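Below are two complexes that have chain A in common, paired first with chain B and then with chain C.
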Partner chain A sequence: MKHRFVSIGVPLLAALLMVWALALAPAASAAGTPPKPVGSVPSSVGQSVSWGQGSVTVLYYAGTSPVVPAACELSINGDKVPVAQATDSSYANGRQLQFSFAADYQPPKGNLKLHAVLVTKSGEHVTYDWTYNNPGAAKPELLDWPTIRQFWWYIAKGGALTVELTVISICFAVVFALFGALGRLSRTMSFKEAWDKYRSWGFMALHTLRMIPYWIATFYTSLFRGTPLLLQIFVIYYAIPAIIDYMHARYSWFNIPYPSAFVSGCAALSLNYGAYLTEVFRAGIQAVPKGQTEAAWALGLSGGQTQRRIVLPQAFKIVIPAVGNDFIALIKDTSLVSTITVNELLHRAQLVGGRTLQFLSALLVAAAVYWILTIFFSFWQARLERRMEHDRARA
Partner chain B sequence: MSQTMPAPAAHGGSDEVLVEVKGLHKSFGQLHVLKGVDFVVHRGEVVVLLGPSGSGKSTLLRCINSLEEAQQGTIRVGDVTVECGHWGRTYEKSVHGVRLQCGMVFQDFNLFPHKSVTENVVEAPLLVKGMKKDAAAKRARELLEQVGLSDRAEYYPSQISGGQKQRVAIARALAMDPKLMLFDEPTSALDPELIGEVLLVMKDLADAGMTMIVVTHEMGFARDVASRCIFMDEGVFVEEDSPENLFFHPRHERTKSFLRHILPKEGDNVERVAGGAPLGMGDEAPQEMK
Partner chain C sequence: MKKARWLAVVVVGLVAAAAVATVAGCGSSSSSSSSSPSAAASLTPTQSFTKILGHAPTGEAATIASRGQIVVVDDADYPPQSYIDKNGNLIGFDVDTAKEVGVVLGIPVKIVTANWDSIPTGLNVDRFDVSIGSMTITKDREKVLSFSAPYYYTQAQTIVKQGSPTLTSLKSMKGKAIGVGTQTTYFYYLTAAKGINVKSYDTDAHTFPDLKNGRLNGVVTADLTAAQAISSGYPFVFSGTAFYYEPLAFATKKGESDWQSLLSYAVTTMHSNGSLTTMAKKWYHGFDPTQTPKAGIPTYDQAMASLGK
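Moving on, here comes the complex of A and B:
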């Protein structure tokens, strides 16, 4: 995709670079006219002076005698500036002296006359005079409309990936949930009941085998409902490459690529929602009257046929509202995979926020897109439910 | 379905024993519901099971096609024998074999609500017998005609009345061409005015020579259609006789007290019509009871 302005893998670094560049550039240009050094040593010519947030920096060429920062002074329009701290350090091929204003000092606005006196160890005074037009602190805006206008479409396009994640995950989740529910319901009796029924070790062995799906399903739902989704996302994202590495070490014929962040995210969301939907499906299947199963058995249908043709179609109708509910919840939970660099809605909003420093504007755009998506799908779900209601009344 | 029937024997059916139940024991936990039931049904017989609630008649019926698993005893239907208390491939095959020969009609119909009337009827032939769609549909049309529901073929169960639902259930059971029909209180969930149409279908079925085991409280039906009535109480057969003898000359005290409760008393106006014939106890019953 051309419009992803950074590739997955270095976006945060790129964002940081951009923020740095943007933050530095205006400060340098706001330096005003280069100062004229007055006096002899130290140094030759003052290079430039920058006006930072709460500080003024004087760049100069070092002379034979070093500057004593504590003795240096700065005045604006003839008034001495309360300096909390003056720091002298090397800068490029010269040096810089930074005057940090006291915490309660607010420099006046407008055209300022600046006057700096640098004092060297040998007692020389070097003065710099220059002017600077201080625009003052900008009035803070709640929303930055230029940012929104520039980036809203870029953020909104992340919604496509959100929908993609949601739809793929819910499909897999439904499959997991179906098998999970059948596994959960495959337990017909306890070990004690099984023993009391036939008092046969052979039957106990068979019963143990038959319990395996139940155990697997129980373990699955317990694990994935018992740990946070965010943690599952991280673990799967890091665990799958680790497992692949581990397999490589043993089986050299094995050569599958590491899953992308998208695939890992899908896997985590599917497994987590599959676990929740397992319980939904289990309840749905149990809500189908026992008489339906008995009627099917009495007609000679096998267990599998009974489930496929009689029980599950009725159970699906029962669980549609609950699945729709989880679908809406899943749309929002896809935002968690932004943490593993999937470039979806929230991730894009965070990138834009990081680049423009307008986090609020960017995140509100993302919030609006999420909201529109959920409204759209709720509407769609309500329609589906109405149709099913109609069907149920008919059936 | 055996349309041709040999000359009726004393028990009202042929000499061929279709169902043979031996020493059937069934308990739900501590509750011993069937206490060693022995029981034979001949081909073409209509057996009515009577008894107070909790006497085990429904359980016996459900044990015959293994909807309930009995702990002990054998159940033979046709040439398939289920050894109760066993398990494994052979046991499951025998259960399936019995179920293929038994049609069952439930008290609360248990029609499949997501399928139309026709789909309900063709479901089992398509899935279990592997019948061709056309053949199954043709058979379904015949059966719906037989139960008088040709015009409801495309309706869904929620769109038809209770009596019609039960007739569909009968057609659905008949679609598997069972040798034996089990009726578990088929009219108990119906409005009084809908009972007649179901009993009529059952009577036609009996007249056509179907072997039937019926649990019912419809004494009129029992008297008119049954070849044999069995009175059950507390998990055993108390008395077993022709309907006339059982109703009007009961030998056991328990039977007598049960019939006193269930049969209409003098002056009761029981008019339940099936096939145009009055199926109520009519006028002679109260006199006989005295």
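Moving on, here comes the complex of A and C:
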């Protein structure tokens, strides 16, 4: 009885073991998973902006066995595509297989049925099919009109900020320049001349005090004309918060908000242009004939009255062309403020360039807006100058 | 007499115009996108921070909470991580991530853009609270900045123009003009490997026109950025294997422990609730670069060490 049980039981057990082994065997011998395609370029879905028509990429998750690029094939509408080179590389947490077309191959227009075969080292064939509506290769054009049509208004809107920056900066620059020029002209004589003339220590002390506006103005023009505008913008934007922090750390009552990028930009532009205009104003004031001052004195006007009523009005007329010139230059120099996050004209053009990769089109739109702005302001400058001529003739 | 008054009017007018324009200018200069949190809307930022931290926020975290807004900085020209859409709004994976951080922390987010090379300075002088802009954690940067845990990973990939000779190693790049974004890890890596004619640009995207023109023999950039260039029509191919992979993280200035733990909390939460993966799949053709890469490729620091740096 016992013997019979063993003679049945052992073969049964052996058979069960074999079934179990057979069930496991395929998994063991096929060595894991095949590659799994998940997407492609070009594709009707996803982030593709346009298709360069020179290559097709299949995105896939790697299987156990690596893909052999040279063995892989691509066909469009059933025709095998001549592939100059297939490149397999890692991309994100998957891989991509890029088929570069032979130089003379041009994919057909219209609805394309794309079919890719990925061949692995272990001989698996994985196919991936998708469709793409090919608008056809764009004719080689210098300017990308769709980009211009789509973005010109966005870029042009930056012009408003450019004008704002320019007008505010020139206003402050003129004020700085006026005080700067008066400071620069306040020096009547050098120390040596003063000593030779009066030989009095009391007068020398007074003279030193009187020199202070001159020194300040000289230091100001020297500093702001002697360093690049871009550097001034960076220093004002990045250093002032550090200074405020330092002051706040030392004196807790010192708690003022950081200047915004816009304010920092305005400050840098007006200080820089103020320094240049200081010299312009100084030259303008000096260009008023000496006889005018002497005549004013002869009439009994005081020094201040002479400056306010005789010299400055005439100097103002002389400097109008130079100020207009600097105004035009300032319109263009506001573009430097794009480096400190101010979203003005050039900044917007660069953003559009980065997005559409059509730098020429985007930058040309910005150039056109700058040009229109300068033409507009030159026109008004010319009007003002003519008006001044008229005024002089009347006088 | 008449002329003097006229001059006075001009001067007063200029000053008044300047004053008015400044006020107007300040009002209109905030031109960035902000998003308001949908979750935790009932809590104020301070309450929300306190809940996450377990104590009242201090330091920069307190400043941010009382301001009621996080100022996030991004490169404006780094598709598909951060770039503008048709209407000029900033979009991309980094932008989505920044907005999600706002949702997790329960505070609105304001995104500003800056030149890539000015971001570390801007963070250190409190111009920006945090860079959610694909910054690689490196030993050198850790000397001046603090990093959160990585939120996604990229690889340093070489691309060349279709049909031009492939560049597969540093040796093959000797004497060749290679374009990189300035102050990127690619810039540091290629400069450290002697003999390469490294040309640096404002940002990675600006290298592409020159690669197409033939002024550059190759460009080294993130695989994701390179793939975006190809899918938007540039005739480039990936060339050779990646040099190294880069763990990318949020960067802040050093020594703000509360603010850093809030950001670490945000990264951990976004990893575990799957929102990072969802956002990444949207931008990267269904791939998920937020997963830790498989072993085999060195990290940036290891690659630099192998150059003796």
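Going forward, the second predicted complex is superposed on the first by the 251 of 395 C-alpha atoms of A that agree within 3 Å, B and C clash if a C-alpha of one lies under 4 Å from a C-alpha of the other, contacts with A are read in each partner's own complex, and residues count from 1 in each chain.
Basically, contacts are C-beta pairs under 8 Å (C-beta built on N, C-alpha and C of every residue); 3 or more make two chains touch, one makes a residue touch a chain.
Note that the structure is a prediction, hence the values are computed from the model and not measured.
In the overlay built on the shared chain, the residue A:S200 is in contact with chain B alone; chain C does not reach it.
By the touch criterion defined above, A:K317 lies against chain B but remains apart from chain C after alignment on the C-alpha atoms of chain A. After overlaying the two complexes on the shared chain, residue contacts for A:A156 are found with neither chain B nor chain C. Considering which of chain B and chain C touches more of chain A, the answer is C. Of the two partner chains placed around the shared chain by superposition, chain B is the only one that A:L301 touches, whereas chain C remains out of contact.
In the superposition on chain A, A:R309 makes contact with both chain B and chain C.
Of the two partner chains placed around the shared chain by superposition, chain B is the only one that A:Q292 touches, whereas chain C remains out of contact. Residues 309, 313 of chain A lie at the contact with chain B in one complex and at the contact with chain C in the other.
Residues 65, 67, 85, 87-88, 96, 99-100, 102-104, 106, 108, 110-115, 123-124, 127-128, 156-159, 169, 172-173, 176 of chain B are the ones that touch chain A when the two sit in their complex. Only residues 198, 200, 202-203, 206, 289, 291-292, 294-302, 305, 309-310, 313-314, 317, 392-395 of chain A touch chain B when the two sit together in their complex. Of all residues in chain C, those touching chain A in their complex are 1, 3-4, 6-8, 10-11, 14-15, 17-18, 21-22, 24-26, 28-32, 76-80, 83-88, 112-115, 118, 121-122, 125-127, 153, 155, 157, 162-163, 203, 205-206, 208-209, 223-224, 227-235, 237-242, 280, 283-289, 291, 293, 297.
Residues 38-39, 41-43, 46-52, 54-55, 57, 59, 84-85, 87, 89-94, 96, 98, 100, 103, 150-151, 154, 161, 164-165, 167-168, 171-172, 174-175, 178, 234, 237-239, 241-242, 245, 258, 260-263, 266, 308-309, 312-313, 316, 339-343, 347-348, 350-355, 357, 359 of chain A are the ones touching chain C in the complex.
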